[in-house]
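Structure first, then comments.
To keep things simple, chains are lettered A, B and C as they appear, and every chain counts its residues starting from 1.
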Amino acid sequence: MAKTNPGNFFEDFELGAELVHAVPRTVTEGDQALYVALTGDRFPLHCSAEFARSLGFERETVNDLLTFHMVFGKTVNDVSLNAVANLGYAGLRFLRPVYPGDTLRSVSKVVGKKENSSGKTGVVWVRTTGTNQRGEMVLEYYRWVMVHKRDPETPTGAKDIPEMPAEVAVSELVVPEGLDLSRYQSWPSGGAAFWDDYEVGERIDHVDGMTIEESEHMLATRLYQNTAKVHFNAHAMESSRFGKRLMYGGHVISVVRALSFNGMENTLAILAFNGGAHANPTFAGDTLYAWSEILDKQPLPGRDDCGALRARLVGVKNADPTQEEIPLKVEKDGKKRYHPNVVLDLDYWLLMPTA
Amino acid sequence: MAKTNPGNFFEDFELGAELVHAVPRTVTEGDQALYVALTGDRFPLHCSAEFARSLGFERETVNDLLTFHMVFGKTVNDVSLNAVANLGYAGLRFLRPVYPGDTLRSVSKVVGKKENSSGKTGVVWVRTTGTNQRGEMVLEYYRWVMVHKRDPETPTGAKDIPEMPAEVAVSELVVPEGLDLSRYQSWPSGGAAFWDDYEVGERIDHVDGMTIEESEHMLATRLYQNTAKVHFNAHAMESSRFGKRLMYGGHVISVVRALSFNGMENTLAILAFNGGAHANPTFAGDTLYAWSEILDKQPLPGRDDCGALRARLVGVKNADPTQEEIPLKVEKDGKKRYHPNVVLDLDYWLLMPTA
Amino acid sequence: MAKTNPGNFFEDFELGAELVHAVPRTVTEGDQALYVALTGDRFPLHCSAEFARSLGFERETVNDLLTFHMVFGKTVNDVSLNAVANLGYAGLRFLRPVYPGDTLRSVSKVVGKKENSSGKTGVVWVRTTGTNQRGEMVLEYYRWVMVHKRDPETPTGAKDIPEMPAEVAVSELVVPEGLDLSRYQSWPSGGAAFWDDYEVGERIDHVDGMTIEESEHMLATRLYQNTAKVHFNAHAMESSRFGKRLMYGGHVISVVRALSFNGMENTLAILAFNGGAHANPTFAGDTLYAWSEILDKQPLPGRDDCGALRARLVGVKNADPTQEEIPLKVEKDGKKRYHPNVVLDLDYWLLMPTA
């Protein structure tokens, strides 16, 4: 009997099947502290029990991205261990606050699969949900990956392509239950700007830069119990096309998001990801910078104390966008491609007090 | 009055004396999170309060090796600050679960001492026990080290050589009190193999590799408050025979053990170490791989829901044992020696559900 | 509306104004564990709930320096983001124990400002207080920094120079409320020397050396949510006069203080800083050593079970003061300057049991 997990191949994914992922994880104060130490996160809702209680929460909440990494990390072993490429995300929504002490589990349902014309690979679509110890959903998202076929010689005929949401509609955004902004103060965040102050089309340069070391991205990725081999094994990666370890894209998101605090301090939560791309790989030693572009702003049904802000969060490596112009995309061989220094292009919905 | 601790010399160890080690340590959720981040540990008993409770535990337990490192770390200052060599371990048994919030202390009793013929050094044997805040023993082991004599000119005549257990008998293995496997499920570990599925002589290659950085082994070793100088001082180690810092062997055990999750996911606990060797030194930048060989399997008295598995856990550096053959030992100058890439050879007893 | 914080310039500081600093921070077990892992701290009051309770505390307390870093870190964004130089500290007193679970906030009052003759910069003095969730002060200090003027052309006429305390008087030292030494035992610290055993003029070499990596000082500084750019941005620091990241001076204090455990194990708390200097910059890869010189010892009003010890704590890089003589200062160009290997010269008051 084979003991080790070889990962799933294209043929192993059955349409409609549910993959219950190991390992359930109790998120603790220890994870919270490490998250701050690894990313520089300063959003006060995750740092101060007092601030959180003043807004109707039980105590400080777990950073939305830490929740995402925990839920996502569990899926790697079943979904993407044999992935050729991570093709996309869609319809990611945060549904409920997570507190230190909550235990998270992840389940993915196969919602689509399509064999590629080469016969060597196929695309698998899953809907993943993260659930707490009471069975309440805290997070859901769609993801699609290209995976190897076990047997390139035998066609499977799979051609079930699901429709992915192009964006998360405002009506589907979930404001954390019990959120009470009647006592909201801005000194805990230190930010002077609110939902009303941001304009569609506005660009905010987040000024600061953060260099990342090998040990830092590995500590983060192990904390999330993400087992993708490319992040940890310098010996094996020597013979890869990069010649070295690749940083977990989620750590890039977290660091860039933490940088965005400077200029978007009153953000209360990430409500949803509409979509995003890891535009270029990031390696240890890279310094990350960030800017945001306001794409849309919408009132939230039944609330006049907070609104939704749609922003494009851009991460740039080894070039300071306040010092030199870094276009998001450049023309190369007649095609628009991401600028080689752009590493992240994330389109997301944020929750912010109105004034 | 001398203020700093010069460590104990051979003459300072009195047969029968008890060394009560500083510093007692409350193990917390913070230590747990760091242990995951530093080693990649995924055994669900230490990650999920819900899983732990379903088996009769109060909450998630502290990884056995984290308990070991905490108990062992305290002994360094008194036992091995002047050690020439760590000669061996024997009879190491885990006796009781440790929970976040428990406070550990360590006491070592000198159970043997023998002067070497050179007159410059001697061997000291201690029995160390780790105890929680209720005075309950959680861990015990024998250890022997070669230490410098303070005065090489004056023979001490010491020749008390105690008998060390060659292995821990099955009858001495302690199953955690209250362990209830009637509701055991395998999705939390993700492993399909149980005690019944492992065969004596079987070898499991654990597939993954993990590179370790200087900051990582130092963070781990400081977390355990282990004060051995060789791990922390690059300036002083420049003139050592290695020219650089040496990784704490315990961190190697932890990482290799974490790698062994892939293929032995349903392991519930380490019950005992029969013995082991740090076969070669490990340095920052090394990539660790692991394999296990099943040495024995035995039922446990009074239990049909779980059994004991005796395994040899082997750690290898900078060579992937699934890609090239790495024999445990090789012949050199007419002697069997460990292969130069083998860094750990640990013989231990594991607890696993029967099916 | 500008969204990002450009930091305050000299003209922005109004005499008497109160700066309420973002971000309030609940200190947790996670922060405690990271502090041990990053610094090697072993003072048992911060490690063992049992030891702390035996002395009348609720549980293990937060290391005084961790409290300092948390309180100080918050002030950077408002006080020193545009600082040309950190000129000094004075009158720093620890006023009350901090426990995991407490939420800290920082407020700074502008108590002085003086324009420099160049017209380009000025000096600003602040009194900063750290407060817990009950509004009780846990820490206070004075600090003065040189900051850029926004407009070098327009003189401000500011010349309010406050008097800074040259030292903290013994009568102003605060022994933690409820401290009960009647059951004090020394095995938890492992130290044999008490207040009575230290002599004015005595020097204690702390023996051990600790090398610090980039990721370590960045993890520490991010944990404290200190946003000073020089510590994090390798890309920008390439063009600085050092050509690389600079270590947060507070991390140097913490590591050197942790090294001082060897020889001053029975220290119960830091009561106050009289003053100090970051004598030379510290960079990743440097190895820190430490010595202490006893400057004064004084009984504490109303207590015969503990006394105050005034010590100079000296940090040295890349030279072992037990192996080569490192004078604190050397003559250069006719001036006394710090020896180039000296990185810290801290004058502080410690609390220690009398015997």
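The definition used in the following text is that contacts are C-beta pairs under 8 Å (C-beta built on N, C-alpha and C of every residue); 3 or more make two chains touch, one makes a residue touch a chain.
Remember, predicted model here, so these are calculated numbers, not experimental data.
Chemist: Over half of interface residue numbers shared between chain B and chain C means same, under half means different, so which is it?
Modeler: Different; most numbers are used by only one of chain B and chain C.
Chemist: Note the rotational component of the Cα superposition from chain A to chain B, reported as an angle of 0 to 180 degrees in steps of 5.
Modeler: Angle of the fitting rotation, chain A to chain B: 120 degrees.
Chemist: With chain centres defined as C-alpha means, what is the inter-centre distance between chain B and chain C in Å?
Modeler: Comparing mean C-alpha positions, chain C is 37 Å from chain B.
Chemist: Chain C: which residues touch two or more other chains?
Modeler: Residues 28-31, 33-34, 213-215 of chain C touch two or more partner chains.
Chemist: If you look only at chain C, which of its residues touch chain A in the complex?
Modeler: That would be residues 1, 3-5, 20-26, 28-31, 33-34, 77-78, 100-101, 103, 133, 213-215, 218-220, 222-223, 225, 227, 229, 232-236, 245 of chain C.
Chemist: Give every residue of chain A touching chain C within the complex, in rising order.
Modeler: Interface residues on chain A, with respect to chain C: 28-34, 36-40, 42-44, 47-51, 59-60, 187-193, 197-198, 204-211, 213-216, 262-265, 285, 287, 318, 320.
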